[in-house]
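Quick one: the structure is below, and I'll ask about it shortly.
The letters A, B, C, D and E name the chains in turn, as written, and every chain counts its residues from 1.
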Amino acid sequence: MLPETFWGRIQYLLQQYGSSFLSGAGNTMIIAIVGTFLGCLIGFIVGIIQTIPVDKRDSAVKKTLVGFLKFIMACYVEFFRGTPMMVQAMFIYYGSAYLFNINMSMWFAAFFVVSINTGAYMAETVRGGILSVDEGQTEAAKAIGMTHVQTMMNVILPQALRNIMPQIGNNLIINIKDTCVLSIIGIVELFYTTKGVAGAYYTYFESFTIAMVMYFILTFVCSRLLRLLEHKMEGPQNYDLATTDTLAHTSGLYSYPKKKEEK
Amino acid sequence: MLPETFWGRIQYLLQQYGSSFLSGAGNTMIIAIVGTFLGCLIGFIVGIIQTIPVDKRDSAVKKTLVGFLKFIMACYVEFFRGTPMMVQAMFIYYGSAYLFNINMSMWFAAFFVVSINTGAYMAETVRGGILSVDEGQTEAAKAIGMTHVQTMMNVILPQALRNIMPQIGNNLIINIKDTCVLSIIGIVELFYTTKGVAGAYYTYFESFTIAMVMYFILTFVCSRLLRLLEHKMEGPQNYDLATTDTLAHTSGLYSYPKKKEEK
Amino acid sequence: MMSEKILEVKHLGKAFGSNQVLRDIDFSVSPGDVTCIIGPSGSGKSTLLRCLNMLETPSTGEINYHGTDITSKNVNVPEYRSKVGMVFQNFNLFNNMTALKNCTVGQVKVLKKSKEEAEKKALYYLEKVGMAPYINAKPKQLSGGQKQRVAIARALAMEPEILLFDEPTSALDPQMVGEVLEVMRDLAHEGLTMIIVTHEMAFARDVSKRVIFMANGVIVEDRPPKELFENPKDLLTKDFLSRFRNA
Amino acid sequence: MMSEKILEVKHLGKAFGSNQVLRDIDFSVSPGDVTCIIGPSGSGKSTLLRCLNMLETPSTGEINYHGTDITSKNVNVPEYRSKVGMVFQNFNLFNNMTALKNCTVGQVKVLKKSKEEAEKKALYYLEKVGMAPYINAKPKQLSGGQKQRVAIARALAMEPEILLFDEPTSALDPQMVGEVLEVMRDLAHEGLTMIIVTHEMAFARDVSKRVIFMANGVIVEDRPPKELFENPKDLLTKDFLSRFRNA
Amino acid sequence: MPGLGLTMVQAEEKKTLKVAMECSYAPYNWTQPDDSNGAVPISGSSDYAYGYDVMMAKKICDELGYDLEIVKLDWDSLVPAVQSGKVDCVIAGQSITSERQQMVDFTEPYYYASIITLVKSDGDYADAKSVADLKGVTCTSQQNTIWYDSCLPQIEDANILPAQESAPAMLVALESGKCDAVVTDMPTGMAACVAYPDFKLLDFSGTDGDFEVSDEDINIGISVQKGNTELLDALNSVLDKMTEDDYKEMMDEAISVQPLSE
């Protein structure tokens, strides 16, 4: 029998379905983390490609090639960003079986769909991040002879990363919540579990309260961990002087007269 | 009778339900645009509050007040970002009727939920944007005596805005797609319309193909419009010299000897 | 009255982590004073200026402005800053504004002047530094020297009580330096108090009433320019000035 | 062999929109030359250097490097740039790297040197500009002059064929200027070709083999320093140098 | 009736019965673009709802003298809506179970559904005659239904996939070949066979090889807020007058006018 009170029912559901909730949450997190990670990689790659400079001096071949690549990337971003993930999942999972007789595993489809979607969003995020880095940095990198990819990998993206860390946090959290649309291909994650519990007892308010708290815990922990990472990336506030003679060298480092004497 | 072919069925559905699809799309866009706009406003306000500097010299009252405000903002962001919008909509719309007997209108609830959610995401986005603006800009603004709010409004946010425009585009697109969870409170937007059509004819692939194309058109148009806006915000590449005597002043503007003679 | 100190710095210290950048700085400035600060690169000159403006919070010591310690609690720092102008070593022009807007925004928002009034004043000072034709240019469209001049005009347009200059002529050619110097001299005559960090020894010698030589985060000498340049007491000062005097 | 031109600029022009910043620039540089470019603020000196490095694409004209026009198609620009070093007016140190890393990253990634080798070379040049103790500092933790010295060391560590300096001593005190000058003089003796934009007339006079005076985007005079400084032909030049000669 | 001032006033005093349903589950309830066959406008939308549930709602309102308002809601919000009083009742093919009766009140059944199995007509299980013949089948059904929770486990060695969230989604899984059989009720099955001509409907009812379920479990009812006995009694009073044959007749009509049959 269901208890009379709201909290009583919540406890009852937790007792009955606690492990289902936990396994649902586990599935949610696996997909969200893997998807976000791969999505970020994709986003960075697209970001690098989208910013390849073309110059009127470049050869026609290079211009066409780069233009084509950029076009493909733009299509990718607009298409996957622009259509609902649920529909994509359905088409990819069921459509591939129906049309091409490919028997994709449910999990593969899930990782694939989430990564490719996150990648499309991240591509735009990375574009914003690259915009936010001072142009002088690119110029300096180019001036020492770095190619576009070297410039991006060594100078621009590490700096952009810092500015888009909050957004990566957003994307992870969006993924944690949006994996629920994967129930269409049979992934039983936290939200679908909740619906099941709610529908069995018609305890919608109670079950969704549990889900809400669980989602909150998951996202909160993730967002705090990312903040920690962000702080860590900032690096130390202060630096150590690379000298043994600290007293003499503390600040002004008025040391060059000494060097003169060496001559 | 339903036609035999895939495309035939799509045409048939469009004939039958074309206006339903359009009105669904209209609802989707209204909620997404209003929600994104209000969400951005909220995000900027939270961003301003979250960056209020506190100094150990500040009075205890100010410190507590600011600390409290920041805490509230952090709670807001973590809570609304961290829990599914569908559950929030359910609790706000039905819960308010159930617990407090408030009869909120469906549309008010829709705008409210979407704005408040977008605001929570935007708050983090804006934080990233503020991080991306060179600290020297803040210092210069402070050095001429601007308060924190003035600094943010006049100097930092206008520059941050440029870097987060791609992200605002992302958020608008997310909203266009995520309003679908509002079917929980009875908003018949594009996705719910599609489900209705799919459920009437059991034509899942066909209906969702239509939905996908419509979503794509909506998001694509929005993303291109935002790009245009972004370009417009960049301002002119070149400036005009504020002088009538263009020939003499073209570049080096070697004009100061003249001034000397004036003396 | 006039002999009352406008700024009085006592035992000021500043550390970044374990790196003690300023130590026990003591000096004071009277209204109308022109004080130059010289010293080797990294000796803490910019940090000192930034402390005076509260852009860095001093680790120890106090900064008295007309007798109130502005490092203490309950001081309205923005208001204080609106009376203390600053020209940054790296200019820090507002990137989102034209040269003109850079010079008016503070007047309009902080001093609550009308737009017309602010523009008139801004144009006046931009003209003085030879930047009138460039009022519509954004900072990234300006050359180094042009940026520096806009930065000077921006600070002047606020018409503060004290002006802190951090190497205000580093990107300018000798001709332009002369122009800017004249503007500054005029201002000094009108009673503006200035503290100027500079590497131009001739400038320090000719313009200032007093020269502070810093090294290793401490004030080594603080004397009138004539004495300091002709008869430096400390070995460090002597060594530092040798190149200049040989030139 | 040695008399072959290393760089030959012909009819170079550059416009930003309607603003013609450089007009019909012609000059050439032979191996080992030290060329100084002087001129008023905004006359196009930085733009010229940036064109030489292809950071700005010239609107018209050509730049021949050992006979090949690098503004033409099919030139490997990154490779060309690795042979042409540049010290920027505003330093542009890599913000995400320490001073040491700033000086090694190019050697490792572009010149494919080993990390040890690169660090040895970087330390050598950092030492020369007195920045050895600061190898672990990030750019934002450095003072203006310190940043400038790291920027110089970064460019030197690449050991390029030609070095373009854009006001390399603007943030340095006279003492440090002397130090840097000596380093540069040594390099000149070793055959390094340099083009130096500077506002320090004494520097231009004493160091260079040839001085180019620019104004309004054109080369007004291009002569050995002695002649230019003692006997300027053009009125503009005379006027520009008057302040320096009076000093 | 409308148009006269007097009846307008009366109409305002007349009670409106707010009925919630998904409007996306033919032949129980579906969305259509016009009011043909007597479809009822959906509240706050330009579309119309019809189907067995709507016919039943209309009948009830006629009998009780209520005005009818159809509210289109997502499946997951039907219960919160009725619990919170945003709607008066839910007529949406909800199965009556003892678990659910603790949270809402159900009327008497308003339809007696029989259980059928759908397979592909060219598939391995096209000729199954009983549940036993389905041995080893890969199957699924809708979430939170008697079909998924108690029918599928009766199949020997069945490979039961995760439950599907809706009937159309379940059919897509069968059509695409991700599963070999789905279990659902007769009306849904019949509609599905129209939409997917390559489906075959297997009906084991009346034979020994049928799924074993209690009668109580397969019946669908109308749900109202817990404790709303006034409305519950009124609804029951209408249903009491109807027989199983009335239901069957209504369902036949619904099936004949459902969009798929046109």
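The rule is short, and it goes like this: contacts are C-beta pairs under 8 Å (C-beta built on N, C-alpha and C of every residue); 3 or more make two chains touch, one makes a residue touch a chain.
The structure displayed is predicted, hence computed values, not measured ones.
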(request) State which chains count as neighbours of chain C and simultaneously of chain E. (result) A, B
(request) Find the chain most remote from chain B, comparing centres computed as mean CA coordinates. (result) D
(message) Taking the mean of the C-alpha atoms as each chain's centre, how many Å separate chain A from chain D?
(response) 42
(request) List the centre-to-centre spacing of chain A and chain B in whole Å, with centres computed as mean CA coordinates. (result) 19
(message) Taking the mean of the CA coordinates per chain, how far is chain D from chain E in Å?
(response) 81
(request) Can you tell me which residues of chain B touch two or more of the remaining chains? (result) 90, 94-95, 98, 134, 162, 204-205, 238-241, 253, 256
(request) Going through chain D residue by residue, note those that touch at least 2 other chains and give them in order. (result) 16, 39-40, 42, 90, 141, 175-176, 239-240
(request) For chain E, jot down the residues that touch at least 2 other chains. (result) 76-77, 80, 83, 169, 172
(request) Mind listing each pair of touching chains for me? (result) A-B, A-C, A-D, A-E, B-C, B-D, B-E, C-D
(message) Under the definition above, what is the set of chain E residues touching chain B in their complex?
(response) 22-26, 30-33, 42-47, 71-74, 76-77, 80-81, 83-86, 166-169, 171-172, 191-192, 194-196, 258-260, 262
(request) Over in the complex, which chain D residues touch chain B? Could you list them? (result) 16-23, 39-40, 42-44, 140, 214-217, 236, 239-240
(message) Going by the contact rule set out above, which residues of chain B touch chain A in the complex?
(response) 78-79, 81-85, 87, 90-91, 94-95, 98, 121, 124-125, 127-129, 131-134, 162-167, 169-170, 173-174, 177, 180, 191, 204-205, 208, 211-212, 215-216, 218-220, 223
(message) Going by the contact rule set out above, which residues of chain D touch chain C in the complex?
(response) 16, 38-42, 45-47, 89-90, 141-146, 149, 166-167, 170-178, 199, 201-202, 239-240, 242-244, 247
(message) Going by the contact rule set out above, which residues of chain C touch chain B in the complex?
(response) 53, 55, 57, 71-75, 78-86, 88, 90, 92-96, 98, 105-106, 109-110, 130, 132-138, 141, 154-155, 158, 175-176, 179
